[in-house]
Structure formats: C-alpha cells, structure tokens
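Below: the structure, in structure tokens.
Note that the chains take the letters A, B, C and D in the order they are written out, and that residue 1 is the start of every chain.
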Amino acid sequence: MDKVVGIKEAVKDIRDGDTLMIGGFMANGAPEKLIDALIEQGIKDITLISTDTGLVTTGSGKLISRKLVKKLYASHIGTNKETGRQMNEGETDVELVPQGTLAERIRAGGYGLGGFLTETGVGTLVEEGKQKITVDGVEYLLETPLTADYALIHAAKADRNGNLVYEGSTNNFSNVMASAAKVTIVEADEVVENGEINPNFVHTPGVFVNRVVDGGAVNG
Amino acid sequence: MDKVVGIKEAVKDIRDGDTLMIGGFMANGAPEKLIDALIEQGIKDITLISTDTGLVTTGSGKLISRKLVKKLYASHIGTNKETGRQMNEGETDVELVPQGTLAERIRAGGYGLGGFLTETGVGTLVEEGKQKITVDGVEYLLETPLTADYALIHAAKADRNGNLVYEGSTNNFSNVMASAAKVTIVEADEVVENGEINPNFVHTPGVFVNRVVDGGAVNG
Amino acid sequence: MDKHELQEFIAKRVAKELEDGSIVNLGIGLPTKVANYIPDDVEVLFQSENGFVGLGPSQTEETYDPNIVNAGGQPVTIKPGGAFFDSSVSFGIIRGGHVDLTVLGALQVDEKGNIANYMIPGKLVPGMGGAMDLLNGAKKVIVAMQHTAKGNHKILKECNLPLTAQGAVDTIITEMGVIKVTAEGLLLTEINPEFTVEEVQEATEAKLYVDKDLKKMKA
Amino acid sequence: MDKHELQEFIAKRVAKELEDGSIVNLGIGLPTKVANYIPDDVEVLFQSENGFVGLGPSQTEETYDPNIVNAGGQPVTIKPGGAFFDSSVSFGIIRGGHVDLTVLGALQVDEKGNIANYMIPGKLVPGMGGAMDLLNGAKKVIVAMQHTAKGNHKILKECNLPLTAQGAVDTIITEMGVIKVTAEGLLLTEINPEFTVEEVQEATEAKLYVDKDLKKMKA
C-alpha cells in the first residue's frame, strides 16, 4: 500500500465548501506546503477546524488572510488579527472551543464516540446550545464529535504505509486530526520505506493516513 | 524527582479493600513481580480492574486463584477458568465490560472526563443500569469513568522521572491505567537516567507515574 | 469433510472476501485461519485488538520475541510498516470505523443480523473481549462458523442467548453456503454443491431466501 | 515601580508558591516570568499545553530547534527527563488533575473566584485557548496580575465580562498583596508595605476581609 503521491494530486479533489482540519499550533507543525498547494489550486467557503489561525502569513492563517474560510472552529485567534476582524465584522462565523475540548471532540470524531462529558465551559458562553448532564451530582457539558472531509497535517517522517513520526512539539493536533477525516493528507519532511520506522515508536498509525506527500521533494 | 523505590516499599501501603488496576493482556505486559510482592505482603478483598484475568498462574490471574478479589471489572475471563467458577458460584462479583469501553472508561477516569457516549453494548446486557442518550437520532450508552487507588503496570524502560517505554504489544492497558490511579507503580525491566529516553518517544509521560521499581534488580 | 477440513474450507472461502488495501481484524479460532489463504494479488493489513496493525505469521526460532502476542495470546510477529499502540488507540481504530472487515465466530446469528457469541448464562461466560466494539465499529462483519452445532440450529429466527450486538452482521459464511443479511431477511447467495437448498434450509431455523443468481460456493 | 518592575515583583512572589516536585503550567505574559525566580531548593516540572512536560529555558544558538515552541509560540527547550505528546494527552493531563498549579493572568476576577480573561465582546476576542481547561483541571489556580487596569477595578464583586470559568480561582497575587478566595469572600493575607489596607480596598471593588495574621508581602 504505497500512499505516497505528488502534492498537486494530493489536494486536487478538495472542493469549495469542504470541511478541513489543519494541524499546527501557532503554525508550529503546520503543513505549510499543503496549504500553499491548496491556495494555488483555488478553493473557497471552507469550514476550517484548527486550534488557532496561525499568524497572518503562516499555517492555517494563510487561508483566513485570503478570505477562503466561511466557518471556523478554533480555541485561540489572538495571534492572527485578521481572524478577529472577520469575526467582529461578521464576515466569518467563528465558534470558539476550549483547546482541550477541541482536541477531545476531534478524537471523539475519529474514535467513533458519540460525545463526552466535560466540566470545561460550565457557566460560560461555551454552554450555549449544549445539553447538560449530571453524573454523581456533578454537572457536565455534553460535547459532540467533530469530523472533516480532509485533514491536512505535517510530520517529520512517514513511511509508505503512512505511519508517522513527529519531532518536538509539532504533533499537537495532528495525531487526533488524522483519525477524524475521511481523507488524511500528510506533508512529511522525509519519506522512508516500510520497516524503517521502529513499530514501537510510531506516533500516528498508517491506518489513519490516506496520502503522503514528500515535503522534502515537492514536485507536484 | 527520583521515583525509583524498592519493590517492598513500592507496594507496602496497598490495603485490603483497595481498588487496583493491573496491566497486561493475557499476562503479556503484566507486572508479574509487583503482583508477587503484593501477594507476599498479604492483601484481600481487592476490587480488580484488568482486561482479562491472565491465566491461572500468570498476571492478575494470580490474585484470582488466591481468592483475593471481591469485585472484578474485565472484558474477557475465558483464559482463567477459576474466574468463571468464582463468578458462576457467586464468590466474586464480576462486571463484564467491552474491551474498548473498558479502555475508554479508564482513560476518562485519568483524563478528567465525566463519561462518554458509545454505541458499543446498545441492545445487550451491557445496557443494564446505564443512561441512554440520543444524539442526532443515534442511541448511545453513557459510560462513566473508572479510577483506582493504585495502578500496577509493567514497562520495558523507565527513567527516574517515571517516563515509560513499552516494547511490542506489552503496552495494551498500561498507558491508560497509569493516568487513572491515585498512585501508579511501574515495574520496569530497565531503569535509566533522565535524558536517556528520547522525549519524542516516551509512551507514558512521567506525570502519570508515582513509583518505579527496577524489575531487573529487584531487591526489596 | 472432518471438522478440520470443514474449517479450512470455510476459511478459504472467507479469504476471497478480503479486499486489496483493507484493514482486517480476525477473531480467535476459525477466523484466524483466514490469514493462511489470502490471494497473492491482495495485500491486507491485519489489526490485532490488543494493540497493533501489521500482524504477521507466528514466531519461529529466528523471530522469537516474548513481547509480541496476538489477541489470542499467541506469539506472533509484526510486518515491516506495522505499528504498535495502546488499547485506547486500538479500540479508537475499531470503534471509529477504520477497520474495513472483521471476521468472527458465533454461537448464534439471526435473520436481523443479531449475534450472540460471548456467554451462555450460568455455564460458559468467557466475556465479550473486543467483540462488541468490533461488531459495532467495523465497516463489514462476516460471521464464519460451522452451520450447526451438534445438530442444533445456530442461524435462528431470533437469538435466545445474550446478544453481543444488534443488527451487526453483514454476511454469514459456513460450510453449506454464503448468506447475506438483508432488510428482507437472510439471502442465500452461494451454495456448497455438496448440499441442496432444502438441506441448507433444514439446517437453518430462519427462513432463507434464495438469490435468483445463486452461485456455487468455491473455497 | 514601573510596569516592568511591577511585573517582576509579582512574578517573584508567585514563585514562592511553587512546591518541590510539582507540575506547573504558566500562562502567557506575566506568569511566564515566574520561571525565572524558582527557589534553588525547589524542583518543578513545567507543562506546556501545546504538548510537553519539562519546559526549559529559551533557545540559544547552541540549542536552536525549530520544532520546539511553548504555548506562546516562542522557541524553547526541553529538559532531560521531559516528554512530548499530542494535544489530547496534554489536555488529559490538565483536565485529569495532573497539573498541581496553574498561574494565569486575568481581565477580571470576582469574590466568588470567577474569572474572565478571554474576551471583550465586540472588541478583543483572542479566545480561551487552553485557559478554560486549565482553570477547571489544575489542582490550584493563582491569578497573577496588576491590581487595577488604568485605574479601573479588576477585582470585582461580580465579573461583567464573559467568564472563562466559575469559582476556579484560589489565590490572587498582585503588586498590592496576596488575596485568598474563601467561602466567606476575599481574604487579604499579605500586603505590600508600600500600601495601606485602605489603599488596597480602594483599588478593589469587592469587599476585602483582612487576615488577623496579615503578613508583609515579600518578593
């Protein structure tokens, strides 16, 4: 199962209006080349799920700056002023989700759970429209799963089966996002043969990955 | 923070009636030396959480064979005939939990969630006594967290901070159990200095671990 | 056919259901034998619910490793390109629909696709292990089993043992034939030429509909 | 004291709250400075919510690594004995009560321990990031901030900005003093000798109870 494809091929079936998850924390670990390829291809009215919107010129923020996002789920948008402007002027519909809840909602989507109970957000605006459930006298919010048409993530290394290894803090949301999309596309700094990654130290198993782009040798 | 202690010291405060999580899948990855130390110390009326009960003479099965378990949560008991006998004759209270639900309930306990929704078990005996919640027309069971006084697990390697590395399929329930106990005790085949485990390849962060026993040099 | 031949025959037929590039979980017992009959032109990745993908053959003296067992606790190997993970990830893969096919045995199956395979109250209570999650999570469920048990029906109008899952079974493969679970009921799509349709029906409590395009079952 | 000195003074006082062997998460801004003042005999592990434990000092030319940033996106290092993980694990650590102490800034805090620090509707909406999870999950919450904002009260009877969490704050540390949130209300336990109790009360909208054992605040 060789999942390695060219970068144009990797993103070519992404359509206007699709829901995308994009990895990276303030663009640390963001799939910059995949995002560029997507912008080059031309796409709009995206629903974006990304913990922050990077900076104006990095990470998923590049899609915001180009006004390609219709609806955004994020935990923090303070580092990209354009996101705040679009939100306040009603151009983009922004749902702020606590960071831990966001990670868990994505995991629930990928892991086949119907939702989970958390105390995070009780007594705040995050409650709005959500079911409250009391267990053993404690009140929780029922948070529901998030899924996407595509996940775009970055890894330090991938093998042909799509097993991934991350470096440092670049993993962040990538691992959970990989599980929660119909099609997960990885930009890997290095692509190696099956067997070259120690199976004990795979961060994201290839079962969650559909396409791998060799970011070190991007050619389209 | 040096968490390395002798094996007798590691288990000495475990008391009759405590709730224990014990790792291992059919004893693969079970903390055999910690279990032996516990038996030697003398303890009874345990509530045991363990995916199976090993074999009669291995893993958590050793506690069953000695009739030290009052209540058991497990997904599979077929490989230890004594467990089935105790269950059928009413000697031990056994709650059968689907394996994926068991892993997730333990993770929920360790990760501070109030519960989660799963379709697993709908329309079966597993439903009994559980709240059913419908989200978007799909009926789910609300499964609640499991926690323990102590988790006893095995790792291939540990550093002094308690960061753990597993080999092969021995991880199974150990990683989630580590997060869900008040005190997590690890039997490691090898203990190394902080810095000797690559921080990119830690399977269980030391924040979840309280005590480490050097299984390669057990001395009490 | 003796019991052994029978099981091999069923396993061979099940193996034809494996699609290239798919992720497959095989239950303990008969289903495990399916791995021996994968067609040469088909590449599948086997998932082992105790925590890895890329399950390989049993261990030999050269590949001895006490740290790797399958979901039956037997020493096995991992293939290049495989990956180990913990139980919560393993069942995330299963529950989340990332397993394309699971093959399991059963005590009983019924015409609604209900299945019972984890306990006989008061007698045998092995527990459900990962079966409930697999039945709910896998995209396709095949029950591979002998058609009857000591002359007793196993394919019923309605299961009377505690269910492992509701409406989860897609296909039943036995030594007598291949049966699909449909909204209308059980549809016999292939028949072992050693048996007549009447014989298969007699060995089945539930009513069998016969596919107008009924084929010969080949192992 | 100018703003810089003020912040260092507060950070120094907060640092005394760090217990040996504890896991600590420091928010962005003023709280980050606390790391510079850890007493020599205290060993703490810092958690960075973007995915690691064992946060070390900023990078130098020798330790340059573009793959490691802190929760503020700044290049940092990891100490020996640290560990990286994904966001779901990171917030499992936080939500599950495995962080002993978190230090955060605030726009407003009130006498019930409510805190608002993530948005000013229609104006500034940075978002809550990990703050809601930290406030709910950490065993102890310290708010470290300047006592007032441009002369306006920040310690109120009741927050009027959207809350980040209900009843989550344990202690408030400002340049004027140390205030504990108790069931009876806000208790001033330490005071900066540069101020009188009356001055502190005047700078605080909520009623302050004064500890009968009121101590001098030392940085």
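Simple rule for what comes next: a contact is a pair of C-beta atoms (placed from the backbone, for glycine too) under 8 Å apart; a residue touches a chain by one contact, two chains touch by 3 or more.
Note that this is a predicted model, so its numbers are computed, not measured.
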Intersection of the contact lists for chain A and chain C: B
Graph distance between chain C and chain D, where chains that touch are linked: 2
Intercentroid distance (Cα basis), chain C paired with chain B, Å: 29
Between chain B and chain A, distance of the C-alpha-averaged centres to the nearest whole Å: 32
Euclidean distance of C-alpha centroids - chain B vs chain D, Å: 35
Touching two or more other chains - residue numbers and ranges from chain D: 52, 78, 84-85, 91-92, 94-95, 136-137
Residue list for chain A, restricted to those that touch at least two other chains: 104, 107, 112-113, 118-119, 166-168, 200
Touching pairs among all chains present in the structure: A-B, A-C, A-D, B-C, B-D
Residues of chain A touching chain C in the complex: 1, 107, 109-113, 159-161, 163, 179, 193-195, 197, 199-200, 202, 205-208
Residue numbers on chain B that touch chain C, as the complex places them: 25-29, 51-52, 74-79, 84, 87-88, 94, 96, 98-104, 106-107, 118-126, 156, 166-176, 203
Contact footprint of chain A on chain B as seen in their complex: 104, 108, 112-119, 131, 133, 135-136, 138, 140, 142, 144, 165-168, 200-201
List of chain D residues in touch with chain B within their complex: 21, 23, 43, 45, 47, 52-54, 78, 80-85, 89, 91-98, 136-137
Chain C to chain B touching residues, read off their complex: 48-52, 65, 67-73, 78, 84-88, 90-92, 94-95, 114, 118-119, 122-133, 136-137, 162-167
